[in-house]
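Labels run A, B, C and D following the written order; every chain starts at residue 1.
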Amino acid sequence: MPQSSAILLMTCKDQPGIIAHITNFLSQNRGNIIELRQHVDREENIFCMRLEWELSQFTIPATDLAEYFGKHIAPRYENISWNIYFSNYRHRMAIFVSRLSHCLYDLLARYKSNELNIETPIIISNHQELEEECRAFQVPFYYFPITAENKLKQEEAELQLLQSHNVHLIVLARYMQILSEQFVNAYPNRIINIHHSFLPAFPGARPYHSAYKRGVKIIGATSHYVTTELDEGPIIEQDVIRVTHEDSIDDFVQKGKDLEKIVLSRAVKYHLQHRILVYNNKTVVFD
Amino acid sequence: MPQSSAILLMTCKDQPGIIAHITNFLSQNRGNIIELRQHVDREENIFCMRLEWELSQFTIPATDLAEYFGKHIAPRYENISWNIYFSNYRHRMAIFVSRLSHCLYDLLARYKSNELNIETPIIISNHQELEEECRAFQVPFYYFPITAENKLKQEEAELQLLQSHNVHLIVLARYMQILSEQFVNAYPNRIINIHHSFLPAFPGARPYHSAYKRGVKIIGATSHYVTTELDEGPIIEQDVIRVTHEDSIDDFVQKGKDLEKIVLSRAVKYHLQHRILVYNNKTVVFD
Amino acid sequence: MPQSSAILLMTCKDQPGIIAHITNFLSQNRGNIIELRQHVDREENIFCMRLEWELSQFTIPATDLAEYFGKHIAPRYENISWNIYFSNYRHRMAIFVSRLSHCLYDLLARYKSNELNIETPIIISNHQELEEECRAFQVPFYYFPITAENKLKQEEAELQLLQSHNVHLIVLARYMQILSEQFVNAYPNRIINIHHSFLPAFPGARPYHSAYKRGVKIIGATSHYVTTELDEGPIIEQDVIRVTHEDSIDDFVQKGKDLEKIVLSRAVKYHLQHRILVYNNKTVVFD
Amino acid sequence: MPQSSAILLMTCKDQPGIIAHITNFLSQNRGNIIELRQHVDREENIFCMRLEWELSQFTIPATDLAEYFGKHIAPRYENISWNIYFSNYRHRMAIFVSRLSHCLYDLLARYKSNELNIETPIIISNHQELEEECRAFQVPFYYFPITAENKLKQEEAELQLLQSHNVHLIVLARYMQILSEQFVNAYPNRIINIHHSFLPAFPGARPYHSAYKRGVKIIGATSHYVTTELDEGPIIEQDVIRVTHEDSIDDFVQKGKDLEKIVLSRAVKYHLQHRILVYNNKTVVFD
């Protein structure tokens, strides 16, 4: 298992000397730093860091690294939360979609052109409309119709499918179902949703209609990790576009589609590159 | 009273032939059109138009124009709301300010360099901090301290002052007082406020703090006409800027200041150029 | 041939009464105006207009309209250039592509989801790489390899193919060949290119490399009609995105791809909706 | 001389262990890191770092720090270029201006509201128009008329004045004179200009006219350090705004003014906060 680089993501209570200590540990083990990004939240006194280093001459084997770090480094820091990733890991990603295809196609086009560092994604939908297209892309498509009655049961089946495929990241590409608490809790900070408004403005259903009615001059899209509070999860990325009185609701929807796919794809990339730290329902994105 | 051009702003129920009728009226009276902007709200079936024409050869005297239009043209249209303005009119504008100077200075700098088509503005403040600066700009400054007890009385004094100066437009340049219903009703669609958030997100007090807490990736500013519903008036203009985890609340405030002054100045200009139509608590801005 | 609406695009020397005359012509023939957009270039004294009206009650048959306009209306205007289109016309569009798929996929996804008002597009490429994907989309793909020797001959074959398919619009979706003068002249203002820079900065080859070297803080993309002067044609649409020192050339390319596909698709839509007027190597886009 | 924090800016040839070595040096001397920002230019193999640390418990006196660093730390690094600054240093800034006031007023308003960490700036102009306004702001104004004949002599007098005021940063706030090589070389990477275009598009005179003629859909402004090559110095910051066919050249100028003042002020702030590194005619801005 050759590894090109290792990535440490960590948060802990701030204290003097963290960077010196950890970079020294790398230096002594011949781990040349590729990128160091740190941030201190002075209000909360929380230290955040993303550290990436070359593994070619690193003296600790990749397979032992997590154990070593957990035993020798992590214990020095209060309230530490950390993970170590490897850059050559190929993520397994599931895309959930309903009837609107724009975010799905955008992700599939990126997958096909090797823009995303993923294995073949699997696609799960509560509708059958997009099945044939996905087949053309040679991507497996699973149909799970959802009703009020079967919802929890279908979600269980979905979870089994996801686990059998070893899926680590779920992307809701305009999936028009609210996931149950149980489902959300199975993938903490690993379900990314795209909401078609500039949150916290216009949460919930039909945000473009609400934006049109309010007469805003700019509309937005927001990608966020899904939590059990609807549209309240940590925001990963947002972007906006101007609208005018000449734009109908249909124009809002159309302009919004282009926003949604770009904003969602950025969030997915940040996640796949291990550039996101989450604490206090907020994200630090070392983009 | 030589007039360079006349500007008609109108809304009415949509019906066939409006443009042909009114442009014919102009053509027959030798009023050469400088700019015609129209819009139909198809959901509400409302026709909106801004029409500007040269007066140099126009056969109806400027002084008779409003009467003529009201008698011969307007009655053909259902639910018509209209106004005629003259481009060489010098507006009388009052700026209300509290302690923060950035929007005030920005407007004064534009006034000094003849960017705004206004007579000397008057400045009203509930604090004295900025008085000396305004004097340096040679702009009259009036101090009206506000308390819960004296508020209505002070507002009456302000209204008298405004009327004695023949003020037509009030700009709230970060004025930290909520105006009474009586005051607002005295200047319908003629009080412009700048709110330091991307409305309808974060209305009310301390929006930058709320935005920081929510972890948004973009902050905004919104200029709107003041109505009796706080931060609910018709939006005139909005703009946004990116923020990251590295931005503290102070950074939000700082970045926001630059947004606020630009967004407010744009709204003021649209108003001074008679480019804004209001209906259903929304604006049409023919910018 | 039922027509929902007609669209007039015209430029002429400015003169008084144009709008009154033409809107009267419509009004007298029961053509209810859906949208009127006009602009006067005061430096060049050129009048521009886009006028769209309902055909349901219009008394002049759609099939006679162009002849009628040419005979009775157009002759009154100096230097007039005009066209009449019908909103229900389904354009025939050809997409030229080389090896990069992002713009092609984006257009195909829009076509598949009925976002673009076109018949099945045809695809022409000087490489075979993308053929299989296009087949999956069920869109015909034609391979025309180009060398210095066969170029003119291949272009002739392409022109024959385009004419046999009655193609009206050619979109260069990152097509890495310079078209000959003869080819360009066969489709005046009907070939849209996407250039991967903020023109006029960085024309020609490898603009991202040049932008990187120059150390710009923002990169852009530009869609324009193709003329015989490379990257000098009338600009239709531009957009930009921020870059920092952390962005490598590869990051420029990646960020640029997202720009290119959005900017190109906007230009294509403006064209398909007959919203673009061209004069003096500039465009008026009534968006 | 109490110091709140020290800031190291450095570039050198990249080598393993730089961060570990320097952060260890700080840690051993009880210098708690406030912010560490680093970047490696992999094409040029150059390491860049901005490091800020608290001085309250730091064991090396601020007055000895530069000497210590130069003797004990810097020699380990090839091609090192470094500076140490103190956050409580109050910069001395000169503003050069001609007739256009918008950038000057914007900077003065920021100075007056303590947004910029500077001593009273001095103002130098080749015209007298703005003298009275500057007096109102209580900022010293020096008039140096420039002709082809007196230019070098006047520049010498300006340099003497600047040195007598101990000026470290010169800001050209729409100063319409080209500085001589001798003048520029006296303030390397310490003269910031605002150019009213999106460089490298439209360098030189009358960029808005050129942009209008070319028919661009977006205009920009660029702040850069001045070098002896006109408009070719390292770019610090850029921003853009949309224009349409409805914008005249005057509108370009007007929209541009708002861009220019924001872009220039950002560049000035980055400089005052020691956030800019320069190498190979490019900047790294750790904003």
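Going forward, a contact is a pair of C-beta atoms (placed from the backbone, for glycine too) under 8 Å apart; a residue touches a chain by one contact, two chains touch by 3 or more.
Here the structure is a predicted model, which means the values were calculated and not measured.
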Response to the item:
More Cb-Cb contact pairs, comparing A-D against A-B, go to A-B
Response to the item:
Chain centres from averaged Cα atoms put chain A and chain D apart, in whole Å, by 37
Worksheet item: In angstrom, rounded to a whole number, how far apart do the mean CA points of chain A and chain B lie?
Response: 42
Worksheet, complete the sentence: In chain D, the residues touching two or more other chains are none
Discussion item. Can you tell me, using the touch rule above, whether these chains form a line, ring, star, complete graph or other shape?
Written reply: complete
Worksheet entry | Sites on chain C touched by chain A in the complex | 101-102, 105-106, 109, 112-113, 115, 133, 136-138, 254, 257-258, 262, 265
Worksheet item: What part of chain C is in contact with chain D in the complex they form?
Response: 39, 41-43, 48, 198-202, 214-218, 220, 234-240, 244-246, 248, 281-285
Discussion item. Help me check something: in the complex, which residues belonging to chain B touch chain C?
Written reply: 16-17, 19-21, 23-24, 26-27, 30, 32-36, 38, 40, 242
